[in-house]
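What follows are several structures.
You will see chain A twice below: alongside chain B first, and alongside chain C after that.
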Partner chain A sequence: MSVASLSPSRPPLPASILRLLFPLGAVLAAFAVGMAVVVIMGVPLDKALFAFWRGAFGNAYAISASLNRAVALALVGVGFVIANRAGLTNVGGEGQIAVGGIASTALCLTPGMASLPLGLAFIIPMIGGALAGGMWGALAGLLRARAGANEVITTLLLSFIAIWLLYWSVQSESLLRQPMTNSATLPESLLIPDPTKAPLLTGSYASPVTIGLPILAVVAVIAALALRRSLFGFQLSAVGLNPVAAARAGIAVGSTMVVALFIAGALGGLAGALMLQGEQYSLKAGFSSGYGFDGLVVGLLARGSIVGVIAGALLFGFMRSGGISMEMAASVPSALVGILQGLIVLMIAGAAYYVDREAR
Partner chain B sequence: MTAELIAVFLGSTIRLAVPLLFAATGELVSERAGVVNMSLEGMMLMGAFAGAVGAALTGSPMLGLAAAILAVLPIAFVQAGLTNVLRANQIVTGIGINILVLGLTTLGYRQMFGERSRATIPGFDAWSTPLLSNLPVIGPLFQQIWLAWLGLAIICAVAYVLACTGLGISIRAAGEDPQAVAKSGANVTAVRHGAIIFTGVMAALGGAFLSIGDIHTFTEGMTNGAGYLAIVAVIFGNWRLWRTVFACLLFGAATALQFQLPALGVQIPNALLIMMPYLLAFLAVAGLVGRQTAPRALAQPFWP
Partner chain C sequence: MIAEAGMLASDAAPGKGRGVTPLLAMTGVGKRFGAFEALADVDIAFLPGEVHCLLGENGAGKSTLCNLIFGIHAPSAGEMTLAGAPYRPAGPRDALSRGVAMVHQHFSLINELPVIDNLLLGGRLGRLDRKGEGRRLESLAQEFGLTLDPAALVGDLSVGQRQRVEIVKCLMKRPRVLILDEPTAVLLPDEIQSLLAVCRQVAGAGCAVVLVTHKLAEIERVADRVTVLHRGRIAARSDHPADEIDALVQAMIQRPVARDGEAASGVLALPKRQRPTPLVEAEEAMQLDGVSFLDRLGVRRLDDITLSVDRGEIVGVAGVEGNGQSELGAILAGLMRASAGRWFAGGRELTEASPRAITAAGVGIVPEDRHAVAVVSGLSLADNLFLNRMRQFARLGLIDRPRQRALAAEYIRRFDVRAEGPLIRFGSLSGGNQQKAVLARELTTPDLRFLLAAQPTRGLDIGAVEAVYRLIRDAADGGVGVLLVSSELDELIAVADRIVVFYRGRIVGERRADPANRRTIGALMSGQAA
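And then the complex of A and B:
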């Protein structure tokens, strides 16, 4: 029982409004800092803002690229929220994206895959990527359930292992590296064949929103409903709130944890498959490039809400695009976006406890 | 393996292990006090950056070192305030700080030195220990900059404080049973604040070693996961000081090997060697190598 709930002074703001207002304030404050930095750097503010806006929303291509980024972040974020409901912190998004990308590349380049009918050519690698990511996540779940190993540590370690596995597989010709024809052959995989690429919603590269967007929509709706209304969602919450009580009530705590981390990993793996099949088309080292950590942050900031994940993913996705454009057109390093993201994370995380107490 | 190669290997093992030793020793103290400092990576990066800037502006690596410590202290204060006062999630705040510092240092470096500049900056020179460094084979072990020796001294001091002093008992108890510490009259929050600030200073030294001690330049994101690797060393070291020191040396050796093996004609994928520390730590945490006993109150906020 906190002190605030006992004191009868002023009526508290409704919880939902407070939870919405605070992140908004943090984002605005961070943007204000960003604009101040731009001014201090001596870049005309209007020029930088215009470049940011054009990169994020300027045309169909920009919007599509931002949306594709947001989809990957949101998938990782939704996975984070699901595992977090069971009291688990999945720090392994980066590695789950990486193994998803590796599996998806391997399947896309499998002889005969490109000639499969009915879209199986792109569906099977996506499912393969999701399964690989899921198993990477479930491994951490299994260790938590069987050996009591802290999943924060195991998922983080598995991330680094996966990142170097990825590096290995694009460095070694016996794995996924393209055949070396001369000394300048880059350490990356072959381009995946056209039929295995994720279909574009409009069919045109001028607005390359991939099938990932509707997939995310379906995933998000199912996740939101399942967390709120299903038996599985109830089991997750029970395990998260009090594992001992959940076990007494007959819930298989261990397997619930494994399944929760499997789902989180699978969504990360799916994000990796989509990034490969929908955007990059060949596997390179550094393929996951921070999406896992950004997705983790999106999941954390959403504080359990799927709608919050979508909002955060859109924000970060568009910020990334705007930042890249700002660097090219206004020579403001896109590192500025990192500064803003860091500030937003710290402000929201720092206020979380007090916002919750006020809202209660 | 010829004697010369062994000598080079030993020398570079130490050189690569020293930044890890600084950071991991600092992190160990934090974690024993119950705080996970995921911001270690950001602290090291800021130390490397501020050390480079300080040395470049003043021409003195000594002042660079001071700048590194001064620049990392605010990060430690932020980390301490967020985790001990605001009780924010320690993983989130750490990752937030890392993202923020990567952005700050990249932007700052480009503003001051221009894009892709690899200008050499004044740094510390290796210091040959009299007599010892003339020894055959193991001589290069003793050709290190004085910071490495400082690191050794600090590690011994930390070992003494943790094991033999009242302060050490307070630190260890703050991570095992903070309520008991509070009941005994000690101030858990103060102990944890102090531990985080110590970690910041150590991370600053480790980061500065990278830029002004080792390669005499700064590159964007140059820590490249060294901070996380130091946390991994603490985990692999089972939260014990000497095992953590051993882990750092082992990780340094694994990294040094990837430059040595090709010279010997041994074909082992680079990635496997770089992955080795993480793999070993993973096996340890999974319970396949001994039992892991983390401090019981690790990562849990303290409520008086």
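And then the complex of A and C:
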């Protein structure tokens, strides 16, 4: 159970019992604090808990919605972990989701798209969303590789640009806004045609888990394999741990960084496409509502582990659903969920600090 | 007379300072960083009115000594007194308030602010008294001949002027002890002259000036007394340094004085290399043709270096550190471009080549800064053994780990790397084994024709030093041309065939690697024409 049992060639994986216990403890402690807050607010605890449970796990629909949320978070988180392996911190998930959503919407609404055969009607917009997000990320990568611009700043600022692009797209009829038939027409895009919607696994809206879940499974397996076993994963690690030595060893440091941020952005863009094609069906302002940042937190918490990303994404996905339901049914502000997430992050980060220090 | 350290260990204020109360005295001072002993048994006194030079190579402990005086580190052993009173600074702030000031190698100035505001930095909170500070600056300028335009932006100043700002910043605090840590490393020759003049004047005002350097010309010009450090201990002192430069050089580059029954040198036990007579006509492995390098500040670090290394030959580069060796290493590694001149290896021009192309041309590089350039400490030993050749294990983009491990195990055996296995974290290996692993990688470069080994034995214990040199010699016997850069002259003499001497970025002489030439080479290293 000491950290020495870890494979030494990789950044630590949460394989040790300690590393599993700490997050678990942190989650339990955070929930205890959350319940205390609910009690202090004067809301009957059983009522709040019941609402939370119903929202998160209460029926097939609730579970499906939670899973879809977790998928979006996990995609962003996996991207974060990949870029982070190259020493890059991608905080631009929100913007990458937005451009992914814009591109996907535009493609879904392209005349003729809906009549494409073989599922291309929904596949092409997804790929388009991923590519758009990837370019958005690669832009920050280029700025870093060419001009040395810090990617934390550039990905964040590019996010703001993307979010305003989104507003523009849904406000302007010449872009994606639906035709204004009367003064009450909302600043949204048209609903995307049915064939471009992400297929549901069960085929029933009673349990609307989309194709995003198997896509995530494939992405996660490929990512885990690539990080552990591939030449590319090795190059990412070398660049992240010592760019000078990597350059001396003939690894193209700049392009590795660009590709790493492209992948991170592409996964964000894919998350955006899935949110649009699998859940919202029309583009509107506030399209992403924090998935990029929550995904970033999931990636941070996972500390380099893809399994960790999945676990964190499931936790946050279900918490989000539960929180929304708690607000509606028990009038506990869903901001409480944000507080609990913050608490979990702080406790896990603190615990990790001590575990690492003990391990030295 | 040069005094050997051991003889003077009990004498706190040796030489002509006898009878004068030292401004700052250290008795039996030592400093450990973990298991590493950076300083041990240092007895030294700095007297009012003297320029006291600390001489020694990189890693000799000069900077550590300064950091103890300035309160950046606390000594692990020994006592310090300031003007007779116990002195244990809690930090630089404390040291400054007691009248000890230090000019660091790296400036702590804000380029965007004018000189006068930089001088006001670190002062008391409250109103900024630009006028008053300006008046003080003026009087200081008159006293020491340090003219500065208070309104000029620091970013617009030359390096010499920036350093002048740093010095004035210190002098404003009216220090009793002024430490300058390698102040001339960044300066042009005429700037050096005026800096040394300032040192003289500051000392003339009753201050003790501590000047860290490894340049002997400066000692000749300015030093009243010199203390030589070698591997954390005092190796020699001189009260008449200008007359004893040769002896000081010898003290600086020697193996440590044998003490406490410790062996004086392991390398000298290596038999002198007999270069095998080439069967065919000598063939060049590497050739430098008029290579120069100007750094970002325009200082000429390498000046028209022309040198060739034959296959099977070991050419040593001697020189006090900081005379262009690092720059040459970076150019040969492909991490910097020569400002002028060309270089070739294995018959190919590599002047503009990338690191990958240099490796492909059959050039192996053991850089002087292993951790920064050669390895990724956070990866495994096996990964580092193939850092530049991982592609050979790739199949459809996936690394064939079993095959990599097997080959790594073979290298580990062949080069005698002592490790618990190929998967161990590289950073957890000892320095000697790390270096053997780097050599293993570089010596197995396909079609190896030329090897640069820069300070390959730094920080290694004697056993590892021998192992490293055995590997390098075997490579040379196999027909590889080797350029061996080392600050350990004895090692060069034992291992190399011939030795070129670097001084201020130039080759100032070449000698056969013969113990009989030791003294001449030492003189060349100190910049004295042979």
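The working rule: the second predicted complex is superposed on the first by the 341 of 360 C-alpha atoms of A that agree within 3 Å, B and C clash if a C-alpha of one lies under 4 Å from a C-alpha of the other, contacts with A are read in each partner's own complex, and residues count from 1 in each chain.
Here is the rule we use: contacts are C-beta pairs under 8 Å (C-beta built on N, C-alpha and C of every residue); 3 or more make two chains touch, one makes a residue touch a chain.
This structure is a prediction, so every number in the text was calculated from the model and none was measured.
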Touching partner for A:179 - first (chain B), second (chain C), both, neither: neither
Which of chain B and chain C A:241 touches, first, second, both or neither: second
Chain B versus chain C as contact partner of A:230, first or second or both or neither: second
Per-residue touch tally on chain A - higher for chain B or for chain C: B
Common interface residues of chain A - those touching chain B in one complex and chain C in the other: none
Chain A - residues contacting chain C, complex: 7-9, 11, 225-226, 229-232, 234-235, 237-238, 241-242, 244-251
Contacting residues of chain C [partner chain A, same complex]: 333-335, 354-356, 359, 365, 367, 372-380, 382-383, 387-388, 390-391, 394, 397-399, 401, 423-425, 428
In the complex with chain A, residue positions of chain B that touch it: 78, 81-82, 86-89, 91-93, 95-104, 106-107, 110-111, 225, 228, 232, 235, 269-272, 274-275, 278-279, 281-282, 285-287, 292, 294, 299
Interface residues, chain A side, partner chain B - complex: 37, 41, 89, 91, 143, 147, 149-150, 152-154, 156-158, 160-161, 164-165, 167-168, 171-172, 293, 296-297, 300, 333, 335-343, 345-346, 349-354
